[in-house]
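Below are two complexes that have chain A in common, paired first with chain B and then with chain C.
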Partner chain A sequence: MTQTAEAAEAEAAEPEQPPVDERVKERSKFHQALIRPELGGIAGTILVFFFFFLTARDSGMFSPSGVLNWSIVSAQFIIIAVGACLLMIAGEFDLSVGSMIGFAGMSIALLSVSLGWPVWLAIIVTFILCMGVGALNGWLVIKTGLPSFIVTLAFLFILRGLTIFAAITTTNKTIVGGIRDVAEGDWLAPIFGGKIFTGFFQWMGDAGWIETFERGTRKGQPVVEGIPMLIVWALVLVIFGHWLLTKTKFGNWIFASGGDARSADYVGVPVNRVKILMFMFTAFCACVFATAQVMEFGSAGADRGLLKEFEAIISVVIGGALLTGGYGSVIGAALGAIIFGVVQQGLFFAGVESSLFRVFLGVILLLAVILNTYIRRMITGEK
Partner chain B sequence: MKKIKLLAAAALSVAIAVPLAMMSTSAVAAGERYILVSHAPDSDSWWNTIKNGITLAGKQMGVKVEYRNPPTGDLADMARIIEQATASRPNGIITTLADFDVLSGPIRNAVDQGINVIIMNSGTPEQTRKVGALMFVGQPEYDAGYAAGLRAKGDGIKSFVCVNHVISNAVVAERCRGFADGLGIKLGNSMLDSGQDPSEIKNRVLAYLSANPKTDAILTLGPTSADPTLLALKENGLAGDIYFGTFDLGDNIVKGIKSGIIQWGIDQQPFLQAYLPVVVLTNYDRYGVLPGNNINSGPGFVTKDGLTLVEKYAGEYR
Partner chain C sequence: MAEPIIDMRNIEKHFGSVIALAGVSVDVIPGECHCLLGDNGAGKSTFIKTMSGVHKPSAGEIFFEGKPMNFDSPRDSIDAGIATVYQDLAMIPLMSVARNFFMGNEPTRKIAGISFFDHQKANDVTMAEMKKMGINLRSPDQAVGTLSGGERQTVAIARAVHFGAKVLILDEPTSALGVRQTANVLATVDKVRSQGIGVVLITHNVRHAMAVGDRFTVLDRGKTLGTANRGEITPEELQDLMAGGQKLATLEGSLGGTV
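Up next is the complex of A and B:
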């Protein structure tokens, strides 16, 4: 009796095995689900939030206005990081992003305020200008064969200089204001500088769930009026970038162009077109950043966007992309941007001594990248 | 192995978190908490006096004062810092108003949430009223430049170059405009965008002076531009020959005044701009008393006479 049972068990334990290819390594479903470039970003994000929850919980960092504060900063990083990420995966850099932000903002301000153009026209012309400069960047990189590092470094200076020159010669000032007045009633401006769900936030304010102003002309209105379009743009760009990269043929071309441009060329990938388009997309993202900033603050300054190119690149690298190209993820870059934004604003909330601010920023960012790299290696098994 | 690495990462983050947590808890221990937000990049040494001023005031009044600034001097980032400061609910905020368009919104938000605000250093009394701040503590820049221009005109000056290291700060540029108006000449191309880097400033001044040899006078807008300009003048031999005036004081400027290279320095007394707002805010919070007007911290001309006390505290409290 027991013997037959044992025999049956033994039989059940040896079902018909499918032929196993010894070249294919077995990986569990769980393991497979983990192998994604953004995993390090996810871990880093959790760690950063955990960290600030411990150190800055009572500082207002997690009140509605506090959340909005670091969300906006993160969204700004996301907008430029998405462009930088796709370009970096395609194997190139753009160091002119920061100067492009100053240039685009000043262009909108000068066209609309000084020349009196309608704001929507100024915005559209500025987008065309910026993407033209992006295309020129890409074209120069392709034609000369120089590293994009050098070509875009040149444009970092050229654009910044042109911005200051244009502002000084036309208005005698480096900050051009008055955009809020001319943008009044414009149809395109609210798409960059407006806020959505304002009714919902007013309702929450009336119900006493969120803080309202205590005094002044806006007494009773909620402190957080709505979700700024900046955050909407960030989400839209992340979704678009992720879709483009992972769900389309063009996305494969981006990976191929950055992984090995020559092989990609041999198999018929239009490498040059892909790279130039990615330069234009990066310029587009910088222009979105600039337009949203100009519409929110109502003025453009010649020094806006200083060092933003590095902040974009840092976000992308924290998010798990390789500096050499061919590997990375838009979601990862977005998480990297969130880590950067939360750390930067969180340090203020934690009340870090201002002279030590950069030290902490540097150390935490370094930790994020190291952690990210370790996790990636642990999971992918690369050495 | 994997676990060890993860543990190491966790231990590292705790190693960072603990001192940070301790720093932030000690921050809460004191009485009232105020935040000073400046527009200056990290590289601007002039703001050290401000930091010393708030430290001293904080100690004397028994309050906690934090100093914050946008690391690159980007005013859009400064707006975010003011919003952040507001969200952390301090008793009061002391801030500059370097660009009304960018900063008026965030400052107004702070005021309307019941946080007292004092504008210091940059801004005008009108703008201060518009954003709903309690008062303005600073030096009216155009007037200070105008006074300096009149003085230079009396000394026979007909042309000048203004070395501007903060071209983005429209308020500071007013000093150059005031100086030109005081001299009775047009500003034209006499404003030099020097950047923040000392060797760049020095070389640009050298280049300008060799391209425009008829320049009578140099006006610098702070130690950041004055110190390299001093070096430039020593290098091209114009030191003591060319008329040299500067805004603000610092170690080298005081030495320059003493040795006769610099004719005068205009002290806007940043110490008062930092110290007084803390004192005013604390007394307002504790006893409800408030001075009835804006406070002019400058201008005061510092010349070769009466330099001893200035010299002793230059760069620290002056």
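Up next is the complex of A and C:
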């Protein structure tokens, strides 16, 4: 009796262990934690910061104003990279992002300055317009079955051409200024062009924690006035994108649509809706970028955003996403964007000839992609 | 004989000037494995695609549980309880087993009014369902790409069963598999059948059909050549029927009876 009880107890204590497959190698927890899509991005970020910490430490790169400088540039890349990342995971590209930035900026400028609309209305209408173009991109890709590469390449030219045409015919210039004056007192403009925590930074400046201007009109003000909304937008978009992709039902649909659209369709995933929504989200991100830029510069230029689509795609690829879709990470894309921003500004701080930026970038791109390919093969069992 | 779950009568399907199906009738009763046999181009795939809502039939009637049905999309037939496991389209290799398992049917959990993908539930259910089918996963986060072909088919079958399929259509589940994996998949079919699900097994391998089939329907050039019950037909007769008559007998002779 006691024996059987003991046996039962032993059985209860040891819940039925699945038989271990002798062909599966055990991987340590550390090894498992290491293999993730963002690993290339994490390694690259550490490497880049290490490099600039050694070479540009005394140049002011890591002073408050230096940090703000490369943070703003990185935040710009992050904003467009989040959109490009989700779209790429859903299996599509958008090459019209750069032209969209020029188009959106010009649209805000023309509507508010030339037509005299209130700035908030100009911004809202521009967002609707851009997301409409994004939806059109997606709809064309789905209806024609053409690669998004071709469809959005067409829009790269169409939007850029329209932007220049609209600017020249209405104002006879390719740069339209005066937005800062009309945006004065607007309720929506500060959400893109404003700064937060200004009081806190003033307090830190007064307390002598951060440098203040010593002369001129801004005497006594801290060199860093506050956190620009651009950085807030970047953070919000990364958190939203990461949440959407990994924590929601819709995120699973994004992976499925990019991984194999037909399989996904057969089990009832609304692939077309997912793809069109992702095109619209990419357009939304481009529009955020453009609006923040217009509010910062106080002007819109018809050539703004040139080559931004490639910078977004490069950030996403450095971040571990697969060009053919179905695999990637928003956090990785954000790290890719940070690498991009830090390298671009860091070389300037380090006093390196600026033409070397492209060399440096090319090397990082290649190293990150090789590492990412290796990691991905380990995860997906190709190797 | 039990009431059929699905009864397809005189289904025709035309693609332009091509007549892919010229009047095919098949019914499936609960708990049986109905094998659909036929050579390449016989119309097997077109037929199951009309059953699963991918194609709309040009003519003919579909009765599901006694009621006439019209499927406009795969979603409709899935909602009705018809699950299809396609040979190469079953799974997405880059995604984890759990994500694949719940693809299109993601469990959600509300936190502060926002709905989240319930990873914990997805992982637990996947592990439990796979265990029932006799596959021990290392972890539910494992990418499907790391599984073997037979295991992938099994995940797809387990998924269909879990989501309440009444009819399970398997499109050539064994054609790309090795001997042992084939045996595993056929054993899975047997398990599914014993739960009262009607299984439609498409194959052009007579031996695989004979191993699990209760009824056999042979298609040739878009037509039904007839339906036979288990025990009423020999593998040789089935083989000849599939190949369209006597021709195979001579061919088989020259190959020394190995086909």
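Methods note: the second predicted complex is superposed on the first by the 334 of 383 C-alpha atoms of A that agree within 3 Å, B and C clash if a C-alpha of one lies under 4 Å from a C-alpha of the other, contacts with A are read in each partner's own complex, and residues count from 1 in each chain.
The rule is short, and it goes like this: a residue touches a chain if its C-beta (ideal position, glycine included) is under 8 Å from a C-beta of that chain, and two chains touch if they have at least 3 such contacts.
This one's a predicted model, so the numbers in the text were calculated from it and none came from an experiment.
In the superposition on chain A, A:121 makes contact with neither chain B nor chain C. In the superposition on chain A, A:265 makes contact with chain C only, not with chain B.
By the touch criterion defined above, A:210 lies against neither chain B nor chain C after alignment on the C-alpha atoms of chain A. Looking at the superposed arrangement, the partner reaching more residues of chain A, out of chain B and chain C, is B. After overlaying the two complexes on the shared chain, residue contacts for A:244 are found with neither chain B nor chain C. Chain contact summary for the complex, chain A toward chain B: residues 47, 51, 54-56, 58-61, 63, 65-66, 68-70, 72-73, 164, 168, 172-175, 177-180, 211, 213-219, 223, 293, 297-299, 301-307, 345, 348-354, 357-358, 360, 363-364, 367, 370-371, 374, 378.
Interface residues of chain B facing chain A in the complex, by the touch rule stated above, are 2, 5, 9, 12-13, 16-17, 20-21, 23-24, 27-28, 42, 66-69, 71-76, 79-81, 83-89, 99-102, 105, 108-109, 111-114, 132, 167-168, 170, 173, 187, 193. Those residues of chain A that touch chain C in the complex are listed here as 18-19, 21, 24, 246-249, 251-253, 255-256, 259-260, 262-269, 322, 326-327, 379-382.
Against chain A, the residues of chain C that register as touching in their complex are 52, 54, 74-75, 78, 84, 86, 89-95, 99, 102-106, 108, 115-117, 131, 136, 138, 143, 145-147.
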